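What follows is a single structure, written as structure tokens, with notes after it.
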Amino acid sequence: MSQEKISKIAVFPGSFDPITIGHEAIIRRALPLFDKIIVAIGKNTVKKNLFALEDRMEWIKIALKEFEDKVEVAAFDGLTMNFCKERDAQFILRGLRTSVDFEFEYSISQINRQIGDIETIFLFTDPVYTPISSSIVRDIYLHGGDFSSLIPKGIKLIKNEE
Amino acid sequence: MSQEKISKIAVFPGSFDPITIGHEAIIRRALPLFDKIIVAIGKNTVKKNLFALEDRMEWIKIALKEFEDKVEVAAFDGLTMNFCKERDAQFILRGLRTSVDFEFEYSISQINRQIGDIETIFLFTDPVYTPISSSIVRDIYLHGGDFSSLIPKGIKLIKNEE
Amino acid sequence: MSQEKISKIAVFPGSFDPITIGHEAIIRRALPLFDKIIVAIGKNTVKKNLFALEDRMEWIKIALKEFEDKVEVAAFDGLTMNFCKERDAQFILRGLRTSVDFEFEYSISQINRQIGDIETIFLFTDPVYTPISSSIVRDIYLHGGDFSSLIPKGIKLIKNEE
Amino acid sequence: MSQEKISKIAVFPGSFDPITIGHEAIIRRALPLFDKIIVAIGKNTVKKNLFALEDRMEWIKIALKEFEDKVEVAAFDGLTMNFCKERDAQFILRGLRTSVDFEFEYSISQINRQIGDIETIFLFTDPVYTPISSSIVRDIYLHGGDFSSLIPKGIKLIKNEE
Amino acid sequence: MSQEKISKIAVFPGSFDPITIGHEAIIRRALPLFDKIIVAIGKNTVKKNLFALEDRMEWIKIALKEFEDKVEVAAFDGLTMNFCKERDAQFILRGLRTSVDFEFEYSISQINRQIGDIETIFLFTDPVYTPISSSIVRDIYLHGGDFSSLIPKGIKLIKNEE
Amino acid sequence: MSQEKISKIAVFPGSFDPITIGHEAIIRRALPLFDKIIVAIGKNTVKKNLFALEDRMEWIKIALKEFEDKVEVAAFDGLTMNFCKERDAQFILRGLRTSVDFEFEYSISQINRQIGDIETIFLFTDPVYTPISSSIVRDIYLHGGDFSSLIPKGIKLIKNEE
């Protein structure tokens, strides 16, 4: 049968401004499920990011260096469902942290399936990582607090000065 | 008895930026309950809308043309409760999509009843329409995706160029 | 047009074991919306009730005596949607207290609309009554506490001894 | 690398009392992700089921006959995580319907990962199926209502008479 | 001023069937806030417990032995608010795990304040303990799984044989 | 023992733009629990406030004048956890209004405990005050509605003209 031969490719979309240990854990746990995971930064023209796109991409690569044959880092314009099609990805991967996340993710995933025919696969965030988000890291960073336990090892945050 | 003779008028407030098939379905389902439904666009001076007010009003009229004797389209400044009083509407009509909606609607409806003496009537969104919102339509529109299945038939979206 | 002439009849279903001031408030607030409200006790053969059916019906009548021309009290077997059809009721009336209620009511109302073609109308419980439920009244009653502020005036609870 | 050669096996546990079109849809959508899905009925000694175990298993087989090479139906005693290990399944598959489901599933999945080292993969229920559950089917069945649109085609429900 | 001299006493009510590391953590964290914490097992005549009352009390004492001057273990009949008054406790202590807990605790705490004039103080469960509950421990225990990481050290569960 | 001698100090952080009767009620209820409560306005450089900092501080003082020996009003820059340490406060006090609040507060409180070693104590908002928030007061104020029942007595709102 041919089905086994199709590569299972998932896109893990986000701003990763910056990547946290919560993101990292979801990717690691999802690796046994897919042949390739593309960590994809959407270039959002509306929301201003704190860190530069190149830095955000670089930090993801550092965090997942040991899986470089299965994890790819990319940036994209436009709708996630379109990027998935360009890259032959049949799946979107998402972590679920809270029931407020639930409602938001529910709508997006349904639209992606209805209009884009892309299936979204969810893993629940490990409780240890539930309180951690990029926005909390940014908040602590901007106020000079200690955020080192919230981001992957080997990463040094540098603010976007453009 | 005189109670039967009072017209039951409901205001259905929103931005309708643009109207979706979810909004349309709520209005259709609520028609047997009221003598008149005023679909009312609040002129929000803070939030910038994507589509022009006149277009948003026109699209609502197109979507509900067959009920033009019972459905009126209007725009208003200021608090919804004040607009209801000006128009002798005793009710606000709202659709509920998710439990996150719930919390938000709960506060607003309670204030409207406590201070404005206006009762809010809720219908649950049909599950088919749950993932659909104006913000998702705008997102797909702006990225050139296909949103035609999410808005009422006969409507052609034109971006506000002012 | 004939639509105005159809009586708007709503069924307000529940166990009312016993009726609380929360139930009473929902009925009072919904009266301007309907021509008749049938407060209907489902004879649940599985769940054992604390108070006798006749007492529960009597207490509802006492609480809403002043509206006896518009409020009827009834008991029924089987599905709520079937009872609605027997009584020509086009609507079910429900109060929403919390977002946990939301999820439960969402499913039931959708099934009633999809299979039974009955629309469910929701009012949000006044925050003052949010913590009040029949089960809390029963709990305080069984432990000899003071529940008098939680049930309508003029009602004296008597335990079902069958 | 050997990782690609390991069969991806998922257990889809439940009571299936009876299987609904909601269950069926989740299994169909999950098929591209796994090499085998074991639909597994937990023999719960506490909760009494309405339909006989053999009937429940048979109905699942009927619903998914076309995938009989990839979908297996089984029954098990004890903890789901132990059954997974017996059958070399690395994954549990679950559908998520509402944010109330979320909280429950969150705890169970975390315990299964922490103690049993089994990863749980979630798909969101299609909104069309959100209101549908086995308990609603049983409720309509027991009251003689029409539940045929809620269960897979070709199934004829017969009550357990033991 | 006399206010400082009043002992701050809190009741931490529950079934503790059995005590988990989640319960233990809440008590430890709340100790700096109160002069005494009474861990109080409600003798629920309806719900059947798996473990004997004496064992459940003993296990709590073992878990919190080092704080025996500030932590007392007790059992009580009837309403929690009445027990608080008997023991001059002005506060109830509760841990909050999820937003589903939230809704339930909200109602109970409000009734306790409105009718019993007892204030309820909430701590959020540490995310690590969120998935842990007595019912999950009982489930794993009954199926012969390994629950040792979920209960306080030094406790050996023995099933109630009465 | 020395523990009794340590002053129990709580920080109640917020924007208080403006203070509402909901905030006021939480502070009053928490007074028996602490030796001092510092009502602390975070100087958020991102979010623009409607009312001037000095006015917001003054209004809090007016609302809680009778407790001026136990309630202090302050403003701070940076992270709340750092301000707590500067002021030797071991606790943060928060009111919980809804389950949407829950998710947000959960993350923040966990980060404050994990990184800052500060415990957050929660009281549930009285249902009467649940719908009230500073943002609703501002909305009514800006549209010329009557908000007088939503803010503490003796306060006259004056818009920030800087």
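By written order: A, B, C, D, E and F. Residues from 1 in each chain.
Note that in this section contacts are C-beta pairs under 8 Å (C-beta built on N, C-alpha and C of every residue); 3 or more make two chains touch, one makes a residue touch a chain.
Computed from a predicted model, the values in this text were never measured in an experiment.
Undergrad: If you walk touching chains, what's the least steps from subunit B to subunit E?
TA: Steps on the shortest route: 2.
Undergrad: So if I look at the partners of subunit A and the partners of subunit B, which chains show up in both lists?
TA: Common neighbours, subunit A/subunit B: D, F.
Undergrad: So which of B-C, A-E or A-B matches A-F, with over half of the contact pairs the same residue numbers?
TA: Of the listed options, the interface copy of A-F is A-B.
Undergrad: Can you compute the centre-to-centre distance for subunit C and subunit F, using the mean CA position of each chain? Integer Å is fine.
TA: 39
Undergrad: Taking the mean of the C-alpha atoms as each chain's centre, how many Å separate subunit A from subunit D?
TA: Here subunit A and subunit D have centroids separated by 29 Å.
Undergrad: State, to the nearest whole Å, the distance from the C-alpha centre of subunit A to the C-alpha centre of subunit C.
TA: 47
Undergrad: Roughly how far is subunit C from subunit E, going centre to centre by Cα mean, in whole Å?
TA: Going by mean C-alpha positions, subunit C sits 35 Å from subunit E.
Undergrad: Scan subunit F for residues touching two or more other chains and write them down.
TA: Within subunit F, the residues that touch at least two other chains are 98-100, 103, 106, 110, 127, 130-131.
Undergrad: With touch defined as at the top, which chains are paired up in contact here?
TA: The list of touching pairs comes to A-B, A-D, A-E, A-F, B-C, B-D, B-F, C-D, C-E, C-F, D-E, E-F.
Undergrad: Where on subunit B does subunit A make contact in their complex?
TA: Those in contact with subunit A are residues 98-101, 130-133, 136, 139-140, 143-147, 149.
Undergrad: Write out the stretch or stretches of subunit B touching subunit D in their complex.
TA: Subunit B residues touching subunit D: 98-99, 127-131.
Undergrad: Touching residues of subunit C toward subunit D in the complex: what are they?
TA: For subunit C paired with subunit D, touching residues are 78-79, 81-82, 99-100, 103-104, 106-108, 110-111, 114-115.
Undergrad: Provide the residue numbers of subunit B that touch subunit C in the complex, in ascending order.
TA: These residues of subunit B touch subunit C: 3-4, 6, 8, 29, 32-33, 35, 90-91, 96, 99, 102-103, 105-106, 109-110, 113, 119-124, 126-127.
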